[in-house]
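The two complexes that follow have chain A in common; it is paired with chain B in the first and with chain C in the second.
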Partner chain A sequence: MRGGTTGIEWLVLVGLVAAGVGAVWGLATLAGLPIQYNVRNVLVRWRSSLTTILGIGAVVAVFVVLQAVARGIEASSGNTGDDRNVLVVRRGSQAESGSLVTREHFKTLSYMEEIARNEAGQPLISAEVIMIVSVPRVDGTGEANTLLRGLTARGMELRPQVSLVEGRWFEPGKREIVVAQRLAKRFQGFELGGTVKAGLTRLKVVGHFDAGGSAFDSEAWMDSDECRAIFERDQYSSILLRPRDTNAMTVLTNRIDTDKRLALRAEGEVQYYKGQTVTAAPIKIIAGLLGVAMSIGAVFAAMNTMYASVASRTREVGTLRVIGYSRKSVVVCFLIEGACLAALGGIFGCALARLTDGFSTGTLDFQSFAETVFQFQVTPMLMAKGLLFAVVIGVVGSLLPALRAARIPVISALKSV
Partner chain B sequence: MAADPIVQVRDLSKLYRQGDIDVTALNHVSVDIQPAEFVVLMGPSGSGKSTLLHIIAGIDRPTSGDVLVQGINVGNLSESDLATWRNQYVGFVFQSFNLIPVLTAAENVELPLLLTRLDRKSRKEQVQAALELVGLGDRLHHRPDQLSGGQQQRVAIARALVTDPVLIVADEPTGNLDAKSASDVLDILRSLSSRSGKTVIMVTHDPKAAGYGTRSLHLEKGEIVA
Partner chain C sequence: MTVFGFILKNALRNTRRALLTISSVAVSSALLVSLMTLERELTVPPEAEGASLRIIARNKVSLMQPLPAKQLSAIQRIPGIVTVTPFTYFGGLYENEEFTSFAQFAVDPVPFQSIIVDGPVIDGSYEAWVKNRTGCLVGADTMKRYNLKVGDQMRFRGTFYPCDLDLKIEAVYQGTVDDRNIFFHHKLLDELTGDPGTVGTWYLRAESVEVADRVIQQVNDTFANTSAEVRAESERAFQMGFVSMWGNVSNLIRGVNLVVVFTLVLVAVSTMSMAVRERFRELAVLKALGFQRRDLFGFILAEGFGLSVIGGAVGIGGAWAFWTFSDIQQMTNGFLIVFEVTPRIVGMAAAVASVLGVVSSIGPAISVGRMSVVEGLKTLD
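Now for the complex of A and B:
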């Protein structure tokens, strides 16, 4: 899925760069000045140009990386689930962690005829428990909450995107767990053969799984009923099930949602996880605020460079005006220069940000209050945004210096030293 | 019978404001300049000769009076029309050459042509011809800092004449040159007037340079005195 989207995004990025080059070429032609005039002026003042490029590059890098973090968190939720599955939680609950589903509910749902069955004739339904386990971090910075999911064998059948990469699956009744590989790298005791404390007992890690960048990469799994027993819980957190077909899904969802005796809510598993993106919201807000604050600084940096450029080229501007170039041409000329300078900064910033692509880390999930693991996703679309952001900085920063250059009377400009 | 004047200056005045004082740079000046004349404007500093040159060339505006070049009243043109007019009718030569340092000799000379409808090939041909005319056909790809002062001024002359303007104006073109280079530049200007039929107006302090012109006008305190 990401491969296809990324392909289109690369096309968008290439298209944007081509459009930008075309726009610069067109504007330069309109202004009448050769583009090499702008390029060489940027190169001649290489020290101030480089400072501006580095400054704008740093701003763009921070902007893109913060967006990549938000996107990575969203992607880990958005990439989770199976279109054919339905998740059932208590009515009024927004997340599994705050939901309670009784054993009677599970029994009632298990007998519904709309539920699909596997080759052995067993209904594809899994009653699950979500618990929090505090585990010390590998880097010694204290403990953090991790998600422990209790699920049945059907639960694993319902999640084909999850595959065992090391060891074996847990066996019920043996106090065994299987941990997501990405999570295991971040916590002590999650290594193969390691143990972690859960309630009054210790759980042994017998395998590692890979969940393909989904939200399950932040979980450890064990047997559902064993999990309830360890934590002395009577109830489950949620029920995952698969209806026979789309018609059955509609019927089943309506039935669960409208049955007042059940007091449950049914939602497509994919939709449920897409809705769990609240963790990315504060990061997006921070990215926005930082972006605005840093862009103001970058605009002034670009403005400073362009004012210096105008000041040192006043007589050149006068000469251009004398030989027939209009005020508009002068404005366009300096805007092109500022935009090109900023675009170079943007390319540098995007290249820096791209180095973090795929970097795996974790943050607090504001729904479950457990560590959620995600990967930075510096996508071509984000880089396109970063480039546009840079060009806007360059154009805004160059506008006043460009207008100033155009307004200098020709005679005064010619007399400038 | 004399030809119609190419430049007609009618009752031209220019006042500057310096602090609270009005300074008269030009005081009711009138003069006609014929096609292919090489007119030299002389006079002490502050006499108004450069101001007169700038107003005739359309880079400054008079306080009152008119300047007509080939019948066009330059003072009536809008700012953008004036820029287009300068490109088509006037070639400029400055004392300090005013070449664009980051562009080569050929690119500098091509600058005025980029505002015309000429295609790339025609532009290149005209640039080559202009630079050959000033003896720099082998310096096309040299940047200004790779040329001597005299060569830079010759590039500036090539830039001034590449659009085939009717008027060449030169503001102290030999002021920054050694005697030999100055003589070369003046020879070119005289040749443009006598052989190519261009009207040349030159401001200078140097009586020797004035000897190259066909007519000298002496200004003092904003008036033509001789």
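Now for the complex of A and C:
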């Protein structure tokens, strides 16, 4: 799934860059200026050009990396679930972890005829328990909450995106758990054969699974009823089920939602996880604010460079005007130079940010109060955004210097040394 | 013309550039101060007077796992404890809000009075709250934010608990580190859930700092190897545990800080090298007149240092004034509470600005020092 979209995104990125270069070329031709003139100018003043490029590059890198973090967090929950599944939680609860579903609920729902069956004829419905267990971190920085999900064999059938990579699945009744590979790297005792203390019992890790970058990559799994027994819980947290078809899905969702006796809420599994992205929102806001604040600094830096560039070329500008170039051409000329300079910075910044792509780390999820694992996602789209951001900085920064260059009187320009 | 006048004239010769440099340094140092304050806000919880005496005991499995109410009598028997109350996070949504930034806790009002010592009641009466089982004790900040007065009703929709609350404001407290929270009777919660047997956590107060550690140890030992093992820790340690979950966020902020400093250096260095390049000829004349290398270095250093320090002062002062005189709680919808720009943060940002001034002058000063007078006089630009 991800491969396909990124392929298209890469094409878009290449297209955007090509369009940008084309636009610059076209403008230069319109203004009647050879583009080499600008490019050489950037290279001749390489020291001040380099500082500007590095400065803009750093700003773009921060902007892109922060967006990549927000995207990574969104992706880990946006990437989760199956279109055909329906998740049922208690009405009024915001997340699975704060939901309670009774055994009677489970029984009532199990007999609903809209539920699909597997080859063995069993209804595809799984009553699950979400527990939050505090586990020490590998790096010795104290404990953090992790999600422990109790589920049944049906629950595993309902989540085909999760596959075993090491060891074996847990066996009910044996106090065994299987941990997401990405989570296992962050906590003590989650290695194969390791044990985790939960209350008075010790749970043995018998396998590692991979959930393909979804929210399940932040979970550990064990048998549902055993989990209830160990933690002395009467109730389940949620129910995952699969209706026979889309029609049955609408009927079933409606029925569960409107039944006053149940007081449950049914939602498509995919929609549910899409809604669990509260954590990413503040990061996005911070990324935006930082982008604005840092770009002000970068615009000043670019302005400085371009003013110096204009000032030291007063005579050249005068010459251009004498040969017959219009004021407009001179403005375009300096704008192009500023944009090129900034674009180089943008490319540098994106390259820098791209290095963090796929970096896996964790953060506190505000909804479940447990640690969620996510990966930085520096997508081509984000890099395109970063490049655009850089060019805007460059153009804004060189606008005033360019206008100043255009206003220089020809005679005095030629006289200046 | 005095030396100082000479430097000042030089610095302001290109007024636009001086202003641009000062403002970009100002914006960046304001950003630096804000980021450091944000990191502090997220990682260093405000210290309360009684925090070392107060102890929170939670289930060892995790904070979300409840504890049996029957543990109360066992805790009360431990010597050195002044008082103990159940302390249960309700996690409700206020009225029609989608996100509520203040917490509601169920407590036993009588012992709770000797826990919330740093927050005296400023309106209504504590006794009235003790008597009214459907009443609540509300923080002054929340009263102000929602424009409430004593006697008003507050309604909450439960998200963790399958029940809603409808509470009457009986008393208002002020003076704790977080004057947003509201407290209500644990008995009411027991009734609504129909389960008097569980509590969220225990909140204890030790007699003195000396016995606090022993009390913590004893609470932990009392419930070792029972079905609900307990993890007791001081209020401070408990808060730090919450903070450690933020670990990576603070690394992220630190990374951004580094980049901000890096761009600051670039801006300052490019300004100074431009300023010096423009005046290469003049500096050569000065050299020819007999000024020593260190005099020239002094001129350049004073200019670069002056520009960055002025920029730093504007930025740091601006950020301090902005965060001190604006209502951060209102702006962030209650997400950030104190956002205090401490002297330490101001000092660090000021140090960065001063170092910046020195660093930006070194490169240009070296090239000026190296140049021969003849070469300098020949320069056209």
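We adopt the following convention: the second predicted complex is superposed on the first by the 417 of 417 C-alpha atoms of A that agree within 3 Å, B and C clash if a C-alpha of one lies under 4 Å from a C-alpha of the other, contacts with A are read in each partner's own complex, and residues count from 1 in each chain.
As a working rule, a residue touches a chain if its C-beta (ideal position, glycine included) is under 8 Å from a C-beta of that chain, and two chains touch if they have at least 3 such contacts.
Note that the structure is predicted; figures quoted are calculated from it, not measured.
Placing chain B and chain C on a common chain A by superposition gives a fit, with no clash between them. Taking chain A as the reference, the larger set of touched residues comes from C, when chain B and chain C are compared.
In the superposed model, A:Val17 lies in contact with neither chain B nor chain C. Taking Cα centres throughout, chain A sits at the apex of an angle toward chain B and chain C that amounts to 90 degrees, reported as a multiple of 10.
Of the two partner chains, neither chain B nor chain C is touched by A:Leu164. In the superposition on chain A, A:Leu290 makes contact with chain C only, while chain B stays out of contact range. By the touch criterion stated above, A:Arg90 is placed in contact with chain C alone, chain B being left untouched. By the touch criterion stated above, A:Ala58 is placed in contact with chain C alone, chain B being left untouched. Of all Cα pairs spanning chain B and chain C in the superposition, the closest are 12 Å apart. When the two complexes are superposed on chain A, none of the residues of chain A touches both chain B and chain C. Put simply, chain A touches chain B in their complex at residues 32-34, 36-37, 40-41, 43-44, 315-316, 318-328, 410-411, 414.
On the chain C side of its complex with chain A, the touching residues are 16-17, 20-21, 23-24, 27-28, 30-31, 60-65, 91, 99, 157-160, 162, 225-229, 231, 240-241, 244-249, 252, 255-256, 259-260, 262-264, 266-267, 269-271, 273-274, 277-278, 335, 380-381. Interface of chain A with chain C (complex): residues 47-48, 51-52, 54-55, 58-59, 61-62, 66, 69, 90, 92-94, 97-98, 100, 131-134, 141-145, 198-200, 231-232, 263, 278, 282, 290, 293-294, 296-298, 300-301, 303-305, 307-308, 311-312, 361-364, 369, 371, 417. Remark: chain B residues 54, 57, 59-60, 79-80, 83-84, 86-88, 92, 94, 98, 100-103, 107, 110-112, 114-115, 159 touch chain A in the complex.
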